[in-house]
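Pasting the structures here.
Below are two complexes that have chain A in common, paired first with chain B and then with chain C.
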Partner chain A sequence: MRAIFKIALGIIAALGGFLDIGDLVFNTQAGALFRYDLLWAVVLGTAGIAVYAEMCGRVAAVTQRPVFDVIRMRLGFGMGLVGLIASTLVNLLTVAAELGGLAIILELLFDATFSMFVVVAAIGLVVVVALLPFGGIERLFGYCGLMMLVFIATALHQGPDWGEVAHGFVPSFSGSTLYLYFVVGVFAAALMPYEVHFYSSGAIEEGWTESSLRENRLNAIVGYSLGGILACALVVSGFLFHPVGVDPSDLGTVALPAQGAFGETGLLLALGGMMFCIGGAAVDSSFSASYNLAQFLGWEWGRYRGPRKAPRFTASWLVFLFLAMLIVLSGINPVEITEYSVVFSVVALPLTYLPILMIAGDRSFMGKHANGRVSTLLGWAYFALIVVLAVAAVPLLLATNGGGG
Partner chain B sequence: MRVERRWRWVPAAASIAALSICATGCGDLSRAELSRGVESLSALAAQGGLIANGVARDATKSTYSRVMAKTLGDEAEHEAEKLADATPSPEVTRERDAAVQIAGEIAQLFSELRTFPGDERHGVLVQRHMREAKERADAVVTRLTGEAP
Partner chain C sequence: MRSGEPIFIAHRLLDEQILDSEGRRCGRVDDIELRGTPPRITALLVGVALYPRRLPRRLRGLARRLAGPERWGANAMRVPWEEVDEVDTAVHLRGKAEELGLGNGDHPENWMVKRLPWN
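Up next, the complex of A and B:
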């Protein structure tokens, strides 16, 4: 019973960390612009993150080495440094986007100046991280993020044409560059590198060993699948905007379908769920930035060690949060930052996922827990896809004027 | 001396580049550009209608309506300014003027929503006027493109 409870907690934590501002924006816009046509891309991205998160968790549990340790070991110092710089820049943009998103939600709930809420959000995150243990942080954002379930209810309430919804799960391609840009965006939003960095370091924070492998598999598969269902629900609820030509590029607009379906209660659940998902992602991405730096440079790291035993890790986390705050306060629209962070993360993806794939399949390192045939096949298939998207991402960003058409 | 001669082409090239930029970017507001602007006005009005619907049904939170109305109202005002500042090609002057008027009306409706975010009666009125503004914007798009949006 205790084991089941523990697994349930992990699944909820994985669910809470999966949806972030990128998923909220890209999936709702996908529904508004292309109806259900991009549901297949959501499924593809969700399966991809589940495959790689499972590998990362397995490597961490078996070898006690987190992702960036593995990256430096496999790619060497030079390429590892390139990976570190790329992922740090993407992580910093992501933290800024999440912090800005959090401030937007607070503004919608309490109506004061945006810049004040940016500072409030940053202080709030510092307080939460200072007061709660690692598991507590995960559970706070995971449990409260469950308010996002209102989007599943909203999608069902809209009474979609299920035939068309089913058709959306069949991959389709159009010649439109905007469509291709959204394929990249929806896929990349699901596979943001910080998610696997956090997942693998989190496994070590929680003391996973070989006996945790079953828990790891369930967390990755069930947790991310639930996240994927929520992402699909966002696409379906975004369909509300399609007939009237609304492009839900404001974060507040994402909550409108829930208000339309369930009134004020729906709106509050939607905003609350978004706030905790984005808050969780802000913690995950800022921790990831510090994990990567500390692991690459060989510093003591980990929330479980506390600020005294891991002072440089703690200080770097605060610095990342502060820099992110400055970026948002500079006046750049957080949704624009999100779009850039998602697209540029695609470019950094190969540097994150190749070393994971190599080490997870290395029998001399992983022993009997190395990748089997299915994991190897899926891993390389996804890697090939990631490389293609990495090449296409920036030209598509430029060709579509950042998704503006 | 030879160096000076070598760089003599720079001012000429810069002038050509500046003229080219003006020819492509600072010229008349084209039919397609105007159409895109009016389509975004139609989308703003649709979004305003959805927000006003929440106010009309007393099914929203007033802070949410107020902040959304401010954000979208600013966008409508910006669109109105952009359209008003642009020099339209002669064949779309009438449509440009209509678009500026619609943008101004939408901005005004958002301002009303911002002032009365919890008033159901205002919500009903704003919703109706947003629908009318959207219909007029759609009609302008139809005139510009020859097809319904």
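Up next, the complex of A and C:
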């Protein structure tokens, strides 16, 4: 019974930690621009992160090696370094986007200037991370992020045409480059690499062993599937903007459908949920940046070691957070930073995905827990898809002027 | 792994995480010293100054300028193979990191670590 309870808690944390500012921005806009037509891309991205996270969690539990350990071993120093630099730049942009998103939401809830809230948000994150142990950080943001469930209620409340919604799950390609850009965006927002890198290092932080493999599978499959439903709900609630032509690229408007459905309570739940989801993502992405750096260079790392035993890891985390803060304070619109961080993340993704796929299928490392036929097939199919999207991402970004049409 | 056993060094040893006798992470296997015929592993080489030689030839000059010249015992450490206790999911050493000059960047006596606000 206790084991089931523990697994349920893990799933809830995975669910609450699934969404971030990328999903909020891309999915709501996708609903506003293309109605339900992009739901299939959300599903494809969600299944992709489940496959990738399950593999990373399994590699970490069986071999005790997190992602960037494996990257350097399989790609070698030179290509591994390219992977590190690319991931670090993307992570930094992501932290900046999340920090900016957090400040926008605080600005809607309380009365002060944006720059002030950027600093407040950064300090708040430092305090939370300093006070709570690793599991506590995950639970705080995961459980409070469940307020996002209001978006599912909102989507149901809108009474969508279920025939049309079902039709959206069938892949379709209209010729417009803007549509293709959103296919990449929605897919990539679901499959942000930092989430998986964090998940894999988190497995080591929590002391996973081979006996945790069932927990890993359930977290990845059930937790991320439920997260996927939430991501679909964002698309459906974004549909509200379709007939009226409101542009939800302003983060605050993402919460409006919930207000339309459930009044002030709905609005507060939506904003609260967004705040914890984005805050959790800010912690996850900044931790990922430090995990990757420390693992590549062989430093001591981990929240479980504490700042005294892992001083370089802790210091680098503070530096990343500070740099992200400077990026937001420079005045670039956080929604724009988000779009860049999501699109560039898919460009950097193959470099971190390939080595994991190689180790996960290597019996000399994984023994009987190596990829079976299904995982191998799925793993390589997704790798092919990711490579195609990685090649297409930047041309589409330029051709659509960053989704501006 | 016993000494004398063959090992695919590029597959299982190079770039691997090094842990000291207390389980502290203290660097990675940045290079491997081989001697004799047939060649045998005589030492693991660890340190920032060894990074340039792992890069493509064209980038080495620039990387050397960034990493600084090799100073053995400071930014390039030689860990004799006898100090290696076991190689499994990581390279386990027999001694403590500071005795071998590894993991200095995380050491409480390091000048930068000393200045961190939580120390």
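The rule we apply is simple: the second predicted complex is superposed on the first by the 405 of 405 C-alpha atoms of A that agree within 3 Å, B and C clash if a C-alpha of one lies under 4 Å from a C-alpha of the other, contacts with A are read in each partner's own complex, and residues count from 1 in each chain.
Keep in mind that, in the parts below, a contact is a pair of C-beta atoms (placed from the backbone, for glycine too) under 8 Å apart; a residue touches a chain by one contact, two chains touch by 3 or more.
What you see is a predicted model, and the numbers here were worked out from it, not measured in a lab.
J.: Touching A:301, do we find chain B (first), chain C (second), both, or neither?
T.: A:301 contacts chain C only, not chain B.
J.: If we overlay the two complexes on their shared chain A, which of chain B and chain C does A:109 touch? Say first, second, both or neither.
T.: It touches chain B, and chain C stays clear.
J.: In the superposed arrangement, which partner chain does A:312 touch: chain B (first), chain C (second), both, or neither?
T.: A:312: touches chain C, not chain B.
J.: Return first, second, both or neither, reflecting whether A:63 touches chain B, chain C, both chains, or no partner chain.
T.: Touch status of A:63: second partner only.
J.: If we overlay the two complexes on their shared chain A, which of chain B and chain C does A:72 touch? Say first, second, both or neither.
T.: second
J.: Looking at the overlay, what does A:164 touch: chain B (first), chain C (second), both, or neither?
T.: neither
J.: Identify the partner contact of A:267: answer first if only chain B is touched, second if only chain C is, both if each is, neither if none is.
T.: So A:267 only meets chain B here.
J.: Check chain A for residues that touch chain B in one structure and chain C in the other, and list them.
T.: none
J.: Which residues, counting only chain A, touch chain B once they are in their complex?
T.: Result: residues 107-111, 241, 244-247, 250, 252-253, 255-256, 259-260, 263-264, 267-268, 271 of chain A touch chain B.
J.: So in the complex, the part of chain B that touches chain A is made up of which residues?
T.: Where chain B meets chain A, its residues are 39, 42-43, 46-47, 49-51, 53-54, 57-61, 63-64, 66-68, 71-72, 134, 149.
J.: Which stretch or stretches of chain C touch chain A in the complex?
T.: 11-12, 14-18, 24-28, 30, 46, 51, 54-56, 59, 89-90, 103, 105-106, 108, 110, 113, 116, 118-119
J.: Which residues of chain A touch chain C once you look at their complex with the stated criterion?
T.: 63-65, 69, 72-73, 76-78, 80-81, 295, 297-301, 307-312, 314-315, 364
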